[in-house]
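Supplied in structure tokens, the structure appears directly below.
Letters are used for the chains, namely A, B, C and D, taken in the order the chains are written, and counting of residues starts over at 1 for each.
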Amino acid sequence: MCRWMAWSGQPLIIEELLFAPPHGLVDQSLHSRMGVETTNGDGFGLGWYGAGDGPAVYRSVAPAWGDENLRELAAHVESPLFIAHVRATTGTAIQQTNCHPFRHGRWLFVHNGVIAGFPELRRDLMLAVDPSLFAAIQGSTDSEVLFHLALSFGLDEDPIRAVERAIGFVEETAERHGVEAPVQASLGLSDGTRLWAFRYSSEGKSRTLFSSCDAASVRRLHPENERLQRLRDEDRLVVSEPLSDLPGIWESIPEATVLVVQPGDDEQRPFRPSR
Amino acid sequence: MCRWMAWSGQPLIIEELLFAPPHGLVDQSLHSRMGVETTNGDGFGLGWYGAGDGPAVYRSVAPAWGDENLRELAAHVESPLFIAHVRATTGTAIQQTNCHPFRHGRWLFVHNGVIAGFPELRRDLMLAVDPSLFAAIQGSTDSEVLFHLALSFGLDEDPIRAVERAIGFVEETAERHGVEAPVQASLGLSDGTRLWAFRYSSEGKSRTLFSSCDAASVRRLHPENERLQRLRDEDRLVVSEPLSDLPGIWESIPEATVLVVQPGDDEQRPFRPSR
Amino acid sequence: MCRWMAWSGQPLIIEELLFAPPHGLVDQSLHSRMGVETTNGDGFGLGWYGAGDGPAVYRSVAPAWGDENLRELAAHVESPLFIAHVRATTGTAIQQTNCHPFRHGRWLFVHNGVIAGFPELRRDLMLAVDPSLFAAIQGSTDSEVLFHLALSFGLDEDPIRAVERAIGFVEETAERHGVEAPVQASLGLSDGTRLWAFRYSSEGKSRTLFSSCDAASVRRLHPENERLQRLRDEDRLVVSEPLSDLPGIWESIPEATVLVVQPGDDEQRPFRPSR
Amino acid sequence: MCRWMAWSGQPLIIEELLFAPPHGLVDQSLHSRMGVETTNGDGFGLGWYGAGDGPAVYRSVAPAWGDENLRELAAHVESPLFIAHVRATTGTAIQQTNCHPFRHGRWLFVHNGVIAGFPELRRDLMLAVDPSLFAAIQGSTDSEVLFHLALSFGLDEDPIRAVERAIGFVEETAERHGVEAPVQASLGLSDGTRLWAFRYSSEGKSRTLFSSCDAASVRRLHPENERLQRLRDEDRLVVSEPLSDLPGIWESIPEATVLVVQPGDDEQRPFRPSR
């Protein structure tokens, strides 16, 4: 049911996080430890900010572990902010337009989780998407519709509020259809400057989501670890599953919470869907 | 802008029509003569009736000319009724769920043409699809929505009337949006027993569509041609472009007409979109 | 490291064995129990004998569990003899020409296992392939080279002897290069009439391989099981892993043994590589 | 039969040359004007020098015109030296390992053309490849073997001489097999600093190959053209076909010639296969 990771900080060659760590995301595509499914082989995607206009998106239906092009890109693209996602479909087609991240303008969006009862809810949810955005929906996933709801509800103005309204709307619609506990979501979102990581589920039992601890304490804790010594204060990693078992490196993002990674101090806030 | 062909008659190994003729459909994928585009390399599909329940559908995003699996299937599947389609996208994604034929229950559907202004019309057209069918729309093409409109308007009961209503509805919606000459269509449709071939466009300048002539006259005309001598009275081929230049084999289906290929005498009727 | 299955017997719609059983091959592609790797997601292939000339082969680089076309084919192709294979690469590229079964004339060939040290041995092994067959090697796997060695060593005349010579030659070559225990192999082979299943490894610790028990005893053992009651005396299934946990249905093919499934009594023989 | 282009000069966002020009390489993939085949839809590849170690290679079996990921990469990767290639197969499989550029260490290599009679010559040519390089041959094309012959014949020490020996060896081998006029080649080669463009065919009728004219004269000739005014003295483009019809911009590389694009003055030399 998908795994993702996001980096914000000093520019990195992407493979350093995607392939190099013992339990990096590509390894998780083959054997995830904390996911509902152990295999995330139904495509993947990588979005990054760097050269050229707006974010780049590379998406493929091949499993991440076997995609030569992903290996090439990761080894030759450097970026200060990127999001990667490996997919395990919950029923919708395996096709590029169903792979994350989804993009709109400067926005990138990934989702691990599911909207329960999506086949019944799909029509009502799509109707609530701003008509000017309707034709931009290219695939058939719940995640892409959720993203377009957030765009419709003001993502550009107030991202957290927009996501709260989008998820609130999904819950409201589900209730009307008699679908219980409709939302299961860890979400990653970025505009190229900030990075939002949401952890929420209607029933309060969300998928795991972790962020890397404060860089200074990580360096202090592991003085012998060369890689960790290179961490700078503004560096932050968000992951569905820890990339390594080293102690003191990861902290769990609490239930119903959004973490905002941004220049200066990051911020953590309660997340409350609104109707 | 796509090419298609359909066979109804004695069971044939599919390659006899798909690969063997000098200008068969796979050849047309690489260099069509009569199409708006000469290259139809944005995927293809093959639907057939035979063993197992309901029609089978094989669709791929590879160009038909280079797909090894299509060559294998065509050489090893025998069927009395099949439809094949090569695609040239008019803008929507190259993905399996956008490849024809589309299927619903026993129905197969292919479309060569376009709904002009589809990005603007898409939302209104999808809203008119029966809510119980909404979630079955897997791709993002105009063609798949048109098919689901026809299903919503009674394809099971009266196929011609349902298509007339579907196209009428598209024209009406387009008018409301100020889109002129919205429908350009040659359509193939089958339920496994009958085969319908529609030729229609709002402006009265439809894509080409041909059917093979009466088998008896073809045999008489070409007594030396072994392959044509094997034609039986119930055999009928419908094609976007003639597969060969032999005279007396093809007749053009007129503008605004539907041909019904069926056991016993086939039938040709005017096609009039209804509102 | 791959899983495979083969059927010889009454004509079956392929999905009955590929998808329907609780632990069918497609399920094994996602979570194998007895394989070295639990995931076999690096492509798959299906070869069958039926309509048209010679065997058909459908191969794809997509994981078997997510391939819509495999599902379609399996549901609509009927065959009395077919072989299916799911792949976990041991290092060579994920591409159709590396997917099993390999075909030559009427022959189909699948391999679960590995030739240790193949990169060093590859040149010497390919040199031993009959020059007239050299250009037919399309991919880069050890398995395809092994198949072409067997073809070079007289597969058409004496299949078992040819495979014994091919594997003997690999072992001899490996010895020269200082590679120990070079062959790990469960092999499936068919000419459309007979089916050979080989289990052999240089170190005597071969991958698992099972065949279905005598149809009469299976029917007697499970009188309540409708599906098993349909088994006929000539039906035989060979599998890397049992498709179900029912007792008395599977027997392990012993080490260094070849099973010949054929019209009339099947035969089991010791397998001894020859030099 | 393939088209390619190479850039050496100031760092460019790749799409400026791949997609932006009226007759850029991606356009040529759909309708080449000067190629033997008008459609080059059997895969493509892009190799570039930039961030990370050694050159990056992105290759795909999709037609270049429809590949979303190529569009993304081209729009977001900047490089001072890159080579792109669109493929029309002359018979070998459509698979990533058959797509150009081929890479070895710092080397990138592309080929437009063919080795006539390759199926007969393949074994002898592969035998001449240095055994230590044999296992590095991943695909089944004549081009990849030619590249490995050049590597075996000293590409690292003297690139032009190595290619002269490689092609001389192919001609010699072909002669032994009674194959006439075996080599048809326009070749692109780079080590990240220099770029070599070879034009040669055994019969003296080579595929077209052009280089951009001296930047200063181009700027003088087209003072009104903003894009051309940005050309710097070290900028050089090599193309199978001109990207635009503007006069005074392209010069044909003569038959049996190699152009060396390098820091300082470029160089043009006769090319003579040696035996």
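The working rule: contacts are C-beta pairs under 8 Å (C-beta built on N, C-alpha and C of every residue); 3 or more make two chains touch, one makes a residue touch a chain.
Remember, it's a predicted structure, so these values are computed and weren't measured experimentally.
Sharing more than half its contact pairs with A-C, counted by residue number, which one of B-C, A-B or B-D qualifies?
It is B-D that reproduces the contact pattern of A-C.
When contacts are scored as defined above, which chain pair ends up with more C-beta pairs, C-D or A-D?
Answer to which pair has more contacts is A-D.
Averaging only over C-alpha atoms, locate the centres of chain A and chain D and give their separation in whole Å.
39
Quick one: which residues in chain D touch 2 or more of the other chains?
In chain D, 68, 93, 96 touch at least two other chains.
What pattern do the touching chains form: line, ring, star, complete or other?
complete
Within the complex, which stretch of chain B touches chain C?
Listed in rising order, the residues of chain B that touch chain C are 13, 15, 48, 50-53, 56-60, 68-69, 72-73, 75-78, 96.
Within the complex, which stretch of chain C touches chain A?
Answer in residue numbers: 30-31, 38-39, 41-42, 61-63, 65-66, 68, 89, 93-94.
Which residues of chain B touch chain A once you look at their complex with the stated criterion?
Against chain A, the touching part of chain B is residues 92-93, 95-97, 118-120, 122-123, 126-127, 131, 134-135, 137-140.
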